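Here you go, one structure.
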Amino acid sequence: MHTVPLTLLTIIGEGLLRERLITEIERAGAKGYTITECSGSGSRHRRVGELLGENMKLECVVSPEVADKLLGILSDEYFPHFAVIAYLSPVSVIRGDKYV
Amino acid sequence: MHTVPLTLLTIIGEGLLRERLITEIERAGAKGYTITECSGSGSRHRRVGELLGENMKLECVVSPEVADKLLGILSDEYFPHFAVIAYLSPVSVIRGDKYV
Amino acid sequence: MHTVPLTLLTIIGEGLLRERLITEIERAGAKGYTITECSGSGSRHRRVGELLGENMKLECVVSPEVADKLLGILSDEYFPHFAVIAYLSPVSVIRGDKYV
Amino acid sequence: MLEVLRINLCSPISLAFVLGLFARIIRSELSLPRELYASLSIYLLLALGLKGGVELSHASMAELAWPAVVTLVLGVITPCTAYLVLRRIGRFSIADSAGIAAHYGSVSAVTFIAAQQFVQTLGFPAEGFMPTLLTLLESPGIHVALGIGAVQTARMASQPRADGSHPVERRPLKEVLHEVLTARSMILLVGGLACGFVMGEKGYEPVKPFFEGMFKGALTLFLLEMGLAAGARLGDLKSTGLFLLAFGMIMPILHGSLGVFLGHWAGLSIGGATVLGAMAASASYIAAPPAVRMTLPEANPTLYLTAALAITFPFNIVLGIPIYFQLARMLAG
Amino acid sequence: MLEVLRINLCSPISLAFVLGLFARIIRSELSLPRELYASLSIYLLLALGLKGGVELSHASMAELAWPAVVTLVLGVITPCTAYLVLRRIGRFSIADSAGIAAHYGSVSAVTFIAAQQFVQTLGFPAEGFMPTLLTLLESPGIHVALGIGAVQTARMASQPRADGSHPVERRPLKEVLHEVLTARSMILLVGGLACGFVMGEKGYEPVKPFFEGMFKGALTLFLLEMGLAAGARLGDLKSTGLFLLAFGMIMPILHGSLGVFLGHWAGLSIGGATVLGAMAASASYIAAPPAVRMTLPEANPTLYLTAALAITFPFNIVLGIPIYFQLARMLAG
Amino acid sequence: MLEVLRINLCSPISLAFVLGLFARIIRSELSLPRELYASLSIYLLLALGLKGGVELSHASMAELAWPAVVTLVLGVITPCTAYLVLRRIGRFSIADSAGIAAHYGSVSAVTFIAAQQFVQTLGFPAEGFMPTLLTLLESPGIHVALGIGAVQTARMASQPRADGSHPVERRPLKEVLHEVLTARSMILLVGGLACGFVMGEKGYEPVKPFFEGMFKGALTLFLLEMGLAAGARLGDLKSTGLFLLAFGMIMPILHGSLGVFLGHWAGLSIGGATVLGAMAASASYIAAPPAVRMTLPEANPTLYLTAALAITFPFNIVLGIPIYFQLARMLAG
């Protein structure tokens, strides 16, 4: 099949941010997203259990430009105060126009 | 460690398709798969909640050929009617023969 | 944004191994990890349901060296007896020093 | 009638539904864990089956015969009327018409329970074998509607298509049949009936506090979730259009009246006829949606889910059941 | 007093809490499914609301007026005293002080329930309208504290920062208000109150075995989970320091005494004054944490969660409630 | 005997199990949410412990002494007999023999409960301190079997291996011991016993409707899930072979008879001896599987899970318990 290279942006962090992050990525131009519940630990050793909810993983297939814009927003507004990480990985899709 | 490059096929979509998609990927030659429950939104804005179940993410490490075959099947039989997306990413495994 | 290439190590297998695997990856130098519940099937056709718990997916962003060390440990001590797979994928992060 | 309506509106069931609806309307974050919803529905169906089975062990087959026959008749008629109205008057596509019709041909267990509780509160308890009728009505309507959909699409497909596209491959009917017969709700209801029948009054005694004492409370919690789910679909009412809104309220009255008539004719009591009417009037939102989604993927889920859940379900709970009751009372003389 | 303490310690509630604590201390793998925790808390809040609503239908507005007023007064005073103590004496940062104060200004529903059960066991049942007061106390304290935090931070921010960094953008107050008013616990409590009020004694009857008969047992299970959660935070006590430990036990006594006094003054019975005292003394760990986390992300969650859950909650359950009760009894003469 | 069997087969517990089994056999999609399963098992264990603790507060230590001793004896003997039979007669590997033996040396709480309900229904209630014996039997058998496995493997390993491979590194026994002693089921049972003992009849009263009134109903739901789980393993019976099938039915009879004899000898009533027999006969499927999986990863889980869950559990529930009861009655009279 003919595939198109795009970028998968993965954001992992506090579940409370769910609605806010969805708004961010949609505003930045993402056409869809997928959310998975998860748990984890990182440099903040945040253990909050029931009271602040678990972590979530938000994944979206986007163009490199959108991914870059979102990394910027995350790094300015979220990384300083919230337990959040983000990374990019290369993916290939068909129907590439669906995502951009 | 000596690693072998293979392809990770990720399919995200309606949880109802679970059994059907497992059958498809096994028929196409996948030797294993992993399924995660998730939720999400895309171009179809399908919100169905309890009644049709959540989304699922099906991941399988396969040879590039099997991945290509599966993309073809998905694009012919699933993309037109179901809320499903799929993408490929490059992965490295050890014990490469386990997957092909 | 300026990003740094790193490695995402994904380990999928028996949920019972959770604590042991966390210890392994932390000992090997991982600075964080994320765990997701999942189910699946592979060459061992292990179906255990409630009694031995579901599978889990453990993901950690690490340096290539740590990833390699962990693949070695997994392949020596876990692959022979436990239903576990592992693979590496390339990712880009900002704040690269957070992970190494 | 007003007094009956008032009693119905002030019941914990209606109030919990309204609370859920309200919470969604003001965009509250309230939601019940999915597992609680699933657990409650397993509990309610099993409890319904067990109780029904215990009572079935007292019933004579003779009493059951005619009600069972009219129930099956309803299972065949209601999907057809629904299909015709949607296709001819509503001008929906074949797939959408068949998909929605499958929901109205089947039955909503919660509407059934609500009707049962309603007539009981008013002192007109329905026959003990009603849950048996419920199981009879659950699947035929789905198959009839899906069958209509398949046949009609095949007829269309035999004519060459303008755009050259292929219709989706149909799933073998056997597979669909297996799916519906072994569906969660079927196993719990029919299995519960069988278990209740075998254990009888004496075996049931020790589990009664759990399955009967807790029933109405658990139902209240379930209705809260139903209200939340219905509320989440309210926004879709705009896109589904006025015709569907009218359909979702008039069709139940027609089917419900037919059910009451047939029930009365088959010898059911006032309570029994009311409950049968509510069954006929109700639209399934447990068994039908997945069956339709898998078999008729071209049908738009927003249409059938919104009609069944956000229009017909609340209509029946709040207005429909009291109407069918009045009708049954009038018929009884 | 000793006898009262003993009775309190041997209640299923306290014992379940201790068991959970103990399980965490010996590092047991025991944990309740998150969905069970969520389901139990939905059940408890709704049951509390329903019962309170039914009883509210018997109460006269006159009886309720003064207790309502003093409750609102408590909702304004307690976050301020807590903030001042933390900022001036404890020398915590503005964000941390405001964050912790938001928790102490709000109320813990489980502490409320425990107090209610306690006075009932001793034969001094609280007024039936107490759950109404609970809803009044839940949100004002959070807003007052967050407001203080916002104002103080703004004052600081108007002075240029040494490191040139920007303060986090504040969320519009309207958004936060909407969030708190439509929060899960609010909807369930207030909604339950309204439903209970409308359905009255007669409508409540059939669901009573579920919502009232199971209440104490479900509460026991919930306290087990609370013990586990508190136990998981015990390790943080080291890092949060001695001041917070003292704060978490002395503040409740001050707030609790104030609550008892005001309650007595407003005409509440011994039981009612005790429960109002426990409410004032308690720190929220359901409504406050997410509100604070989202609005004041600079506040360290370890501080407020540990104080509310691992210090003040057990303190109130084990020692506080009996103390407030003695005080109420003394006042009553 | 036939009458006893019939009563047992028509109990809600057996019927629910059969329904679950049946649902799996016809490949129904029915499944209980995992969280419901976990919640029910937490509830059942805690309820068992609480009730046992309350009754323990009436018991004299003298009554308890001999039954406790024979229980511990059973905990040492049964894993050894099971190991020997599997290794010598069944020719299983060391790891598989030890792994399966660990399951038969421990005890199934649900089988215990089923036996308790059974003798109660027949009017021969077991002693109130039986849950105490249950906790005594839970872990020793696992350790004995795992110990045998470790020692035997070490002996083999001291001889050089043909293929030069290394045996898996053993986990320190202390770690395993900690795991088993702090396991979920241990905490709930022992913790429940302690809490029940401390709160006594009077403290228990208010939570009785929840922990005792709902018990049998919750158990019924749990057995439905057990039936589903057992049904899912039925297919494995083909691969596990005839020997294991026979083992899974004959071993319980031997261990069960031994349990009844020792119980009778230690002064237990007919009911008590029956329940002790059922405990000895039963195979654990909660505590043992994870312990074995982690400590003896070479042991094939299909073997031990299938034997414990798909063979011995249903055997005991349906046939075993009535047999042990007849035996106890013969001995007593």
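Note that the chains take the letters A, B, C, D, E and F in the order they are written out, and that residue 1 is the start of every chain.
Basically, a residue touches a chain if its C-beta (ideal position, glycine included) is under 8 Å from a C-beta of that chain, and two chains touch if they have at least 3 such contacts.
If you want to know which protein each chain is, UniProt gives these names: A, B, C = Nitrogen regulatory protein P-II; D, E, F = Sodium-dependent bicarbonate transport family permease.
These numbers come from a predicted model, not from an experiment.
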Touching chain C and also chain D, the following chains: B, F
Superposing rotation of chain B relative to chain C, computed on C-alpha atoms, to nearest 5°: 120
Chain centre separation (chain B, chain D; CA means) in Å: 34
Between chain E and chain C, distance of the C-alpha-averaged centres to the nearest whole Å: 40
Distance between chain centroids, defined by C-alpha means - chain A, chain C (Å): 20
Euclidean distance of C-alpha centroids - chain A vs chain F, Å: 46
Residues of chain F engaged with two or more neighbouring chains: 33-35, 209, 213-214
Residue numbers of chain C (touch at least two other chains): 36-37, 89-90
Contacting chain pairs - touch in the sense defined above: A-B, A-C, A-E, B-C, B-D, C-F, D-E, D-F, E-F
Chain B contact footprint on chain C (complex, rising order): 10, 12, 36-43, 55, 57, 68, 71-72, 75, 79, 85-90
Chain B-touching residues of chain A, taken from the complex the two chains share: 1, 3, 6, 8, 31-37, 61, 89-95, 98
Of chain F, residues touching chain E in the complex: 33-35, 38-39, 42-43, 46, 50, 178-179, 182-184, 186-188, 191-192, 194-195, 198-200, 203-204, 206-207, 209-211, 213-214
Interface residues, chain E side, partner chain F - complex: 10-12, 15-16, 19, 22-23, 26-36, 117, 121, 209, 213-214, 216-218, 220-221, 224
Footprint of chain D on chain B - complex, ascending: 14, 16, 20, 46-54, 77, 80-82
